[in-house]
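Two complexes follow with subunit A in common, the first pairing it with subunit B and the second with subunit C.
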Partner chain A sequence: MAAPASEYKDRQLIAVIGDEDSVTGLLLAGVGHVNPPPDAQKNFLVVDQKTDNAAIEAAFDRFTDERKDIAILLINQHIAERIRHRVDSYTAAFPSLLEIPSKDHPYDPEKDSVLKRVRRLFGE
Partner chain B sequence: MSGSGAREPVFPTRQSLQVMKSKLKGAQIGHDLLKRKSEALTKRFREITRRIDEAKRKMGRVMQIAAFSLAEVTYAVGGDIGYQIQESAKQARFRVRTKQENVSGVFLPQFESFTVEGKDDFGLTGLGKGGQQVQRCRETYARAVETLVELASLQTAFVILDEVIKVVNRRVNAIEHVIIPRTENTIRYINSELDELDREEFYRLKKVSGKKERDAAAAEVERTKKEDQKSQSQNDEDVETHDVLGDQDNEDVIF
Partner chain C sequence: MTDVLGPDIVEQSSSRSELQPQLDKLDSLLERYLNLIHEYQTARQEISRHLSSGFFSLARANFNNSTGTRYGQDYYDERMQATRRISISGTAESPKFESRLDSTEPASPNDLQDEKASENSKEVPVDPLRWFGILVPPALRTAQANFRAAVEGPVPKLASITKQMRALEPEISRLRKSIKRLRNENVDSQ
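Take a look at the complex of A and B:
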């Protein structure tokens, strides 16, 4: 029923997929983490106009499936929009997926995958 | 009719009737309990959705403020610090741990943020100028991330509760619409079979006693017949007692 404790007791990090400003700000707050070498994996990904969707999806998969130390994945809403099908079909409880607004894109509750579910549940 | 509808594969005996009755009772109790659980969870669920809605709005505001303070930093430092920050991030200072909260037997994880004391990755950021802005920006973002963590735990609770409520409702419906009718059906079936057996037994007894009566009557008839014959034959004997002298033609001389 509820997720077993083993599934989240090691999860401590907050991962970010976002544009440069969001990532910078969140890193300033101290969420950034780079695994020790040799597999120096970052827990954040900076997305700009040149980043293609495959790279975003790969990072999304890495943060949600492969890494077991991430508790929360923050993703900018306009980037979530680019891989919307993946975000919408993501239903696992861990890591928790959170869409955040970015500087240039104000937050739109209509597009949020969780709020969409809320609205569907209450039939609005 | 008791024969129609699904029922359990049992032999119609009094023992299985008892078993079925206790099963029905258990199912009804379980149904009530699960229904109550589902109601409690749904109440919690609605509360959480309301709070998610609020928190999302709050997050919008908080992130806006945070973005503004970052813009201040960019202005004060006089250049983009993004690259520098990304390169100097090594160890997460801001982490979350998970606690559990028990809601009617369902464990909902709750994130709780904590800061690991240790070497500061960004000690040199803004050293030249804008150090104050950088500091303020870090505080603002730390607060923003705390809001996000809060929202994330609400959202996780939402996802888990959603699933659990679905499971519980499925069970409630299964008990209500499958198990209870089937058990009732089985009880009716056993009852009707037992009644049928009773009737059969009664009929058999009646048959037996009827046969006995008939037999007795037949025997009686036989006996009376026999008795009749006996008396007849006695009479016959009386009649057919021949005169040993052979003078039956002669009238008896009576003096």
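Take a look at the complex of A and C:
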């Protein structure tokens, strides 16, 4: 049951939903990408206090559903908390979703959707 | 009479003999799964370490920034092109994520310089450090190195491990159900 490579061969980018420092750091690493104009879509969203949850959800949908060029979506865990129902119910094969710590919010295994599934499997 | 009992006995013994291989299979799946959890946690520690060093270096760069501005989104290049990318190989059930440098980025400067210059110089991606000026503080370079280390190592590793875990989870659940059913059949038939 070999999967068609076409399903993921165009998925090459790492997208980010994070606070400014997280996005700045990851863009410094070279993951940032802006599509050519007029589309000019970015593969990142900088979230601050003024960003509402609808905007975060819209970016989440864009990166996980609409765009077919994202391989991995990184999201700060404290931002994932704001759209937790979406993150926990995300089951698509691609892109792969990873919660990452931010400067002010260290990684909390209790909140991680991957480890939540582990706990469920072991009946906790 | 024997006609009625016959199939019953066969079924009873077959469900017993079916049970052991399934239990063995479950054991081996759980062992694989536990190993993956261990790998996941190790890669988690690795990414946390790189990122916290990165945040610390970025804070230090900002603290020492005499212009009073922050190294942040005001300076992002609106035409940026990704140089760190991911390639996915393997099957959709168990894909392998790997970090790679985009081919348009010169691997070693003297290697491609001449060709690139004659081709199309606009195609060569700019080092994101340049967004923040010609002379950036060493702390910002350190931050870049920390974030690169996170993106190159633990990020694709975590993505691959997560996929393998996801693939095993329904298998384990299915097998557990089937074992439960076989056990119930055995109890019923006793």
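The rule we apply is simple: the second predicted complex is superposed on the first by the 119 of 124 C-alpha atoms of A that agree within 3 Å, B and C clash if a C-alpha of one lies under 4 Å from a C-alpha of the other, contacts with A are read in each partner's own complex, and residues count from 1 in each chain.
Throughout what follows, contacts are C-beta pairs under 8 Å (C-beta built on N, C-alpha and C of every residue); 3 or more make two chains touch, one makes a residue touch a chain.
Note that the structure is a prediction, hence the values are computed from the model and not measured.
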Subunit C versus subunit B on the shared subunit A, clash or fit after superposition: clash
Doubly contacted residues of subunit A, that is, touched by subunit B and again by subunit C: 1-3, 8-9, 11-14, 20-34, 43, 46, 71-72, 74, 93-94, 96-98, 100-103, 106-107, 109, 114-115, 117-118, 121
Touch list for subunit B against partner subunit A, complex: 49, 52-53, 56-57, 59-60, 63-64, 66-67, 69-71, 80-82, 85-86, 89-98, 100, 106-109, 111, 115, 121-122, 125, 134, 137-138, 141-142, 144-145, 148-149, 151-153, 155-156, 158-160, 162-164, 167
Subunit B contact footprint on subunit A (complex, rising order): 1-3, 5, 8-9, 11-14, 20-34, 42-44, 46, 71-72, 74, 91-94, 96-98, 100-103, 106-107, 109, 112, 114-115, 117-118, 121-122
Sites on subunit C touched by subunit A in the complex: 33, 37, 40-41, 44, 47-48, 51-52, 54-55, 58-59, 70-73, 76-88, 91-93, 95, 97, 101-102, 105, 125, 128-129, 140, 143-144, 146-148, 150-151, 155-156, 158-159, 162-163, 165-166, 169, 172-173
Subunit A residues within the subunit C interface of the complex: 1-4, 7-9, 11-14, 20-34, 40, 43, 46, 71-72, 74, 93-94, 96-98, 100-103, 106-107, 109, 114-115, 117-118, 121
